[in-house]
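Labels run A, B and C following the written order; every chain starts at residue 1.
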Amino acid sequence: MMTNKPKSTSLLLAVDFAGTLVFAIEGAMAAANGHLDLLGAMVLAFVTALGGGIIRDVLIGAIPPNSIRDWRYGAIAFAGAAAVFLFEEQVRHIPQMLMLALDAAGLSLFAVAGAEKALDYGIHPFLAILMGGITGVGGGTVRDVLLAQVPTVLRADVYATAALAGAAVVVAGRGMKLPKTAVAMTGISVCFLLRMISVWRHWNLPVLGMR
Amino acid sequence: MMTNKPKSTSLLLAVDFAGTLVFAIEGAMAAANGHLDLLGAMVLAFVTALGGGIIRDVLIGAIPPNSIRDWRYGAIAFAGAAAVFLFEEQVRHIPQMLMLALDAAGLSLFAVAGAEKALDYGIHPFLAILMGGITGVGGGTVRDVLLAQVPTVLRADVYATAALAGAAVVVAGRGMKLPKTAVAMTGISVCFLLRMISVWRHWNLPVLGMR
Amino acid sequence: MMTNKPKSTSLLLAVDFAGTLVFAIEGAMAAANGHLDLLGAMVLAFVTALGGGIIRDVLIGAIPPNSIRDWRYGAIAFAGAAAVFLFEEQVRHIPQMLMLALDAAGLSLFAVAGAEKALDYGIHPFLAILMGGITGVGGGTVRDVLLAQVPTVLRADVYATAALAGAAVVVAGRGMKLPKTAVAMTGISVCFLLRMISVWRHWNLPVLGMR
């Protein structure tokens, strides 16, 4: 379990950091909406940005998780919280569609990276898809639990589904030995487009218990 | 920690799969009652059925957890969610007493299997009993947390207590070097009967804070 | 990851057990206030006292966590729950200021011990501070989540901040190769005093979303 894995390339790392920052800002915004203090904003930024990856890493046996090995992830998450704290008014004026697009981008990156890492650790393809989904939505789920709310991913929209679709593309492409970069780009695109189209078209999954 | 452990025999595996299915159906029913969508039902089915075992495996060092190593557990959980989704009306007409009995059976199997696995990993007998309890009730606890409810196991009935009793029988029997199969059957019976009798007799543990 | 670490000395162990007992009593009191049964009180006592350390140990790769390796932690947590159950009236008459001081002491001990353990496992200093904070407040956070409440540490007071300050003192002192015992005593004092003064002066961190 504890073998050395290939290090992320610098492009991947930059992309990972960008996703972390976007999710951290969203976490801190949720803290602001809940009237939490600065510490609460830092906690929710950290949890939202890094919780999904931490859960995945614990489950696949990559312990300590990446964001506990590398201090830069936590630093970026806290920078996101500080940005919201210092520039709350400006952050609130970011157009909603831009935030949705950035969030969809972060979701896509996390889902694809999560599925890839799970495959690298020898996890079964079916479960690697789940690990991709958890990487994408796990952080937001823990954030909502800490806010004593039913996680929004359980309630609404094609969100986790988009993450699973992107992860499934990666797993399928890897299974067919297709070029890794092309597979990753396709997975990211599928997740991003599925998410954005579902927002635009108000797609939802069928709901149970609606007799 | 990461040594090879004896594989489950096929009977044990069948029993484990049956418990997974029952718990998954209950998780999906909870999702239906909360008006969650299909994805939410799949998540709650997975979490309810496999969350307890995952927590136990992480705590005893059996990482990746069993249900992340073996795709069949997740597949069975999702099959349970799909069954609820497709046949919700019929599932709702399953007599309550039958569901209670199936749930008690699942609880018994999980608690006994959880205590046995903890002992196999060299966990202290006292903590192996706790691990059995967590295996039995952990999934339902996480499900309730995701539904933003105080877990029912904390509130009411002889439920976790029955799981702990079944696990204690296993730990005691193993400590006395009694035959494994007889010990497991006894543990399962004790948990099952304690749970069913407590439902029938409306047994409850004493409550604090009732001055 | 799984190397042998130096065993705690008996003084450290006694201090650790004392902190466990205080936190367990607080957990069981929360259960009493929520009208949970005896089992619920045991669960909340265990989670409040040992949850933070368990999360830290999983994240730094010290698996199984300390309190799953050593049965005495769980036994002490349950003893705390039993004490609340048997002597609830008397426990309620413990002066609030004494409980606050005992809680601050427990917080200080846990935060300092958590940061030290993280450093011992080779975690980066910045993240070791976080691990100290998690050790101090993680258990109370999980307890509040189980009670379906927004964790109090996210909402109010200089509580997690004091834990982080104490952990930071330890990390800084260790980085400067200062004597371990003096560093630990200083970290504990800083956390304890910061917490008590903040209670006395009604200090709070700035709050977001208060336009």
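We adopt the following convention: a residue touches a chain if its C-beta (ideal position, glycine included) is under 8 Å from a C-beta of that chain, and two chains touch if they have at least 3 such contacts.
Fair warning: this is a prediction, and the values are worked out from it, not measured in the lab.
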Remaining touching clusters (ignoring subunit B, no chains moved): one piece
Same or different for subunit B and subunit C, when you check if over half of the residue numbers at their contact belong to both copies? different
Centre-of-Cα separation between subunit C and subunit B, whole angstrom: 29
List, in ascending order, every residue of subunit A touching at least 2 other chains. 58, 63, 145, 148
Applying the document's contact rule, which stretches of subunit C touch subunit B when the two form their complex? 2, 28, 31-41, 43-44, 46, 54, 58, 63-65, 68-71, 74-75, 84-85, 88-89, 145-148
Which of the residues in subunit B come into contact with subunit C in the complex? 1, 58-61, 63, 121, 123-127, 130-131, 141, 145, 148-151, 153-156, 160-161, 204-211
